[in-house]
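Each of the next two complexes has subunit A plus one more chain, namely subunit B in the first and subunit C in the second.
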Partner chain A sequence: MSKPNKQVVTPQLVTDSQTAIAADNLCFTYNAKSPFSKQALNNITLNIKKGEFVAVVGHTGSGKTTFVQHLNALIRVQSGELRVLEHNLSQKKVDLKLLRKQVGMVFQYPEYQLFADSVLDDVCFGLKNFGLKDKAEREALAEEAIGLVGLDFKEVKNKSPFDLSGGEKRRVALAGVLAMKPQILVMDEPTAGLDPRGKREILSLVSSLNKEQGITVVMVSHDMNEVYENADRIIVFRDGQIAYDTTPRDLFRNEEDIVSMNLEIPHMAKFANELERNGYIIPDNCKTVEQTFEAVMRLKGGE
Partner chain B sequence: MLKDVTFGQYYPSNSFVHKMDARIKFLLCLVFMVGIFFVQSFVVFGFITVFLIILIASSRVPLKSILKSIKGIIVLLLLTVVLNIFFTKGDPEKDKLLVSWWIFEIWDAGLYFAAKMFLRLVYLVMGSSVLTLTTTPVDLTHAIESLLKPLKVIRVPVHELALIMSLTLSFIPSLMEETDRIINAQKARGADFDTGGLVKRAKAFIPILIPLLVGGFRRAEELANAMNSRCYEGATKRTQMRVMKLTWRDLVGTLVVLLFFVTVFVIFGMKSQWINANVDWLYINDVNWLYF
Partner chain C sequence: MDIITLDNVSYYYKTYDENNDVSYAVGVEGVSLSIEEGAFVALVGHNGSGKSTLAKLLNGLILPKSGTVTVAGLSTADKKNLFEIRKNVGMVFQNPDNQMVASIVEEDVAFGPENLGIPQPEIVERVSQALEQVGMTEYAKRSPHKLSGGQKQRIAIAGALAIRPKVIVFDESTAMLDPLGRREVLNVAKQLNKQGMTVVLITHFMEEVLDCGKVVVMSGGHVVKIGSPMEIFDDDRLLSSVGLDAPRSIALSRKLKSAGFNVTENCIDAKVLGGEVCQNLTNK
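This part shows the complex of A and B:
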């Protein structure tokens, strides 16, 4: 694919042990020097802390997928600087195995990557690749991961992954990534094409991984409602640049600008904005129907 | 990685060659390919080189993209050259034996023959890649369909064949994209395609091939359903959105190419007696340039 170009290393990028991902002036151009050349990333600078739940949103072709593919070196840095955990991805030599073990990547429609004879084999594929020799240990990790995604290990482990339903396949694929116990979980539209219930289950799983195990989550999504309710922070990409990098509540106060970027306003954000315009101040962390309801009740009760 | 494949890679531009009718380009390409196999002497190869340079210049496709297509046949090229060098037995009365070692003999005739074969293959690929780089795959299929039309009389399902071709072509980019995505997904799970022995490397491709095959079948089925639900019926009374028309460019292009080939072949290519009689001036210093 692309070879990293020679670059000027900028010494400004300071990271500490709390930083999961730090980018400084990251740029990337597809098919450089050809008539198809297209700049996908333009001076991306950001810092994501360990344990954050960050959503990356933007219109199609805004560079979100290109950015997240940088995070485990599937796309190498062309110019600018990028650090992920202890790795400096701007350098030529990167411990790819370790990086990819630490940064679990769930692609769009991950069920299309399944290939093995049995669910167990497929989930163990990553573990095997990362050098876990002991079969029993692998199976224990796989059992844990399959349990996490809400499947019955005993029932599915010997089934062919192609015999499962679409939603189950996606969980198996997710389990294949979770089994590696990543520190950062990068997901590209993990809920696309799922029914509402499947969506909710995947999101609550991701949320609990983030809250309980402290996994840093970077999630690309088109669904503003799920982003609004789950993420701590939203980064909006527009034409390869970061247009906004703020909390969900703050972001969706800019209703007109969001709509102009072809993004929709989440229902609850609209409702909260309307409440604010009418003089009700509700806390920024009230994002679900229940939370907002409680907040409004408290306000009412205080009156 | 896979984005480097030139096949079917249309190079957008607005040049003379781009604007020519796809059918004419296709036919001229055939003339070129057949013609190349009749070329016997290096002098004529020189003329073909000039022709290719003019053609590539007028198509405004960078030489780099054309040379890229040669990368694909490099193994074939090497094999041809090596085999021809070692296994061409020269005529002891005419040719010189250069090297003789064990069962191998290298004759000067073998070297010349290998060089000619090399040029022939390279020019063949370059010529045809000019066609594919300046013509969109869709135009190309339309051209083939249009050229095969006469076969309808003997009940050849021309339209269906063209459809199969254009579907195949349209599947290539999406399958390549999917391959790229699957490779990335497996890499993210630690798959390693670049190290290990032959068996290990071959095995490493299973996690790519199986999802790709499954995906291919899925796509084919989806496409069949989509076509059925739109009542696709094959060739009956279908019209085309873009009707191909011949223009002055096609006339000029055809004349230039045909004139060039006819002239070159009449003067140099043929070995028949009456031509030799007319080109005595080519025998300089006892070297027969016709056969050189």
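This part shows the complex of A and C:
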């Protein structure tokens, strides 16, 4: 029976104004002290800077969801230390209201959580909950958020969210989170179940939120192709531990190990690896089909 | 022989606007299609293209507003036929958690044949055979709720198999699964097809259609193209107009080919493609 490791000395996490998330020896056990106890996180140590686009991947049951649920204190720290922005989540007292405003959480299939009569009410719900009493102010923030996700505010505001397409519903759900102006956006498989066009729309939206608004993005995903093309950094969970924490290109150079974790190698990474083995270099920042093609054309034209 | 034929089938959904006035939205329109016995057919299209409407028409869950759907010689329009038709066309849906009815795997699989009034000894035999076909025999006495998504879907497939259908329709059965689960379900589908089962696979993962004999592309409720997977991937304009993507490796191989590289057209294995490109670069 495994017990959560009790920390004797609280480690001093070094954080500065540039740190969004810092974890030190974070451990978590489900059903601790029962015969069904299961250690989900085992000594997680990492540091995510503000403005990063980080993908969290791993096989089902690897601990990635347990980890991201710590980030807005849906799961409280059992042992180890966790800081998110100015909050120390290892302490008992946390300003949950402020934390959850700053850390927007988009769950899997967020459109299942839509419930209001109109898109506007749905997007305003969170703001109301967080105590924003001025209706006009709420609606202004909602309008901005709905615009941000690429929907026409005037057209959709009075529509029932249930009359929208799958991709649109998901964007409304996302707008509800964005209306709170989070600094960190945590998303659990934001593109699952969407068709390729819907996927592209959501990913380019998340990318632009990251690049243009500077929002820190932590995205859980099973789709290695999309992770490869979009994230700056990939953290791989395996059996509750961090197996890799590196750039997309470097990660997928470890083909055998990745496959052994039941993850897939992105097509373009597989292609670049094969070229590399033969002495041809595709630059690390060429990750899409288009970029890879152009890199090959440069190789052909060069020398 | 055709096991399923659709002749000029249309279906419309009723919608209500703010004033409660009724209008109709196209589900599918003017669809004619035939599926041969033993075929492996993929139905692809974006969200809202009519794929799932079509699937529901195949076993009479919904009935065409015009045109006819015929399954093994029986029209779905005749209520008397529905029982027989639903025995012939099994369905596996998207969400594994919504398809479990019992608290023990074998009871869940037995639900269908029990409903058909099959005698107990035969149910036992059917259940054990169905579980074997999906590779879940050792889980017979377990609770389905503790299984992985892929395993749950395999149980749902076993439930359909226990009715001994001629056709199984997978309505985006892989959409909510992780890559491992997706492979599990897809392998079972292929295996069943090898044993003679007619399989209709509805998906928007284009990599899943590679092994299909025939791909039906839908858009706006219409069938816009029917062809082999490679014929579909050949049609760049069609793919982009219906919002689908060829798998990345195939997309790259096509670009390279048209830029004068000597590579396999529509190459799905990026490693093989990489090797070929290296040879081209070395011999230039």
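FYI, the second predicted complex is superposed on the first by the 293 of 303 C-alpha atoms of A that agree within 3 Å, B and C clash if a C-alpha of one lies under 4 Å from a C-alpha of the other, contacts with A are read in each partner's own complex, and residues count from 1 in each chain.
The criterion applied here is as follows: contacts are C-beta pairs under 8 Å (C-beta built on N, C-alpha and C of every residue); 3 or more make two chains touch, one makes a residue touch a chain.
Note that this is a predicted model, so its numbers are computed, not measured.
Undergrad: Using the superposition on chain A described above, determine whether A:Thr60 touches subunit B (first), subunit C (second), both, or neither.
TA: second
Undergrad: What is the contact status of A:Phe162 with respect to subunit B (first) and subunit C (second): first, second, both, or neither?
TA: The answer is first: A:Phe162 touches subunit B but not subunit C.
Undergrad: Would you check which partner chain A:Gln113 touches, where first means subunit B only, second means subunit C only, and both and neither mean what they say?
TA: Only subunit B; A:Gln113 stays clear of subunit C.
Undergrad: Just subunit B (first), just subunit C (second), both, or neither: which does A:Leu299 touch?
TA: It touches subunit C, and subunit B stays clear.
Undergrad: Regarding the shared-chain residue A:Ala272, is it in contact with subunit B (first), subunit C (second), both, or neither?
TA: Touch status of A:Ala272: second partner only.
Undergrad: Among the partners subunit B and subunit C, which is in contact with a greater number of residues of subunit A?
TA: Comparing touch counts on subunit A for subunit B and subunit C gives C.
Undergrad: Scan A:Tyr280 for contacts with subunit B and subunit C and give back first, second, both or neither.
TA: second
Undergrad: One more residue to check, A:Glu264. First (subunit B), second (subunit C), both or neither?
TA: Second partner only, subunit C.
Undergrad: Of the two partner chains, subunit B (first) and subunit C (second), which one does A:Gly198 touch, if any: first, second, both, or neither?
TA: second
Undergrad: Of the residues on subunit A, which ones does subunit B touch that subunit C also touches?
TA: Touching subunit B in the first complex and subunit C in the second, no residue of subunit A appears in both lists.
Undergrad: Going by the contact rule set out above, which residues of subunit C touch subunit A in the complex?
TA: The contact residues of subunit C facing subunit A are 15, 45-48, 94, 148-149, 172, 175-176, 178-181, 204, 206, 243-245, 247-249, 251-252, 255-256, 259, 261, 270-271, 273-275, 277-278, 280-282, 284.
Undergrad: Any idea which subunit B residues touch subunit A in the complex?
TA: Touching subunit A: residues 1, 3, 11-13, 178, 181-182, 184-192, 206-208, 210-211, 214-215 of subunit B.
Undergrad: Could you pull out which subunit A residues touch subunit B in their complex?
TA: 1, 31, 35, 69, 72, 74, 97, 100-101, 104-105, 107-108, 110, 112-116, 125-126, 129-130, 162, 176-177, 180
Undergrad: For subunit A, which residues count as touching subunit C in their complex?
TA: Residues 59-60, 163, 165-167, 192-198, 222, 224-225, 262-264, 266-268, 270-275, 278, 280, 289, 292-293, 296-297, 299-300 of subunit A touch subunit C in their complex.
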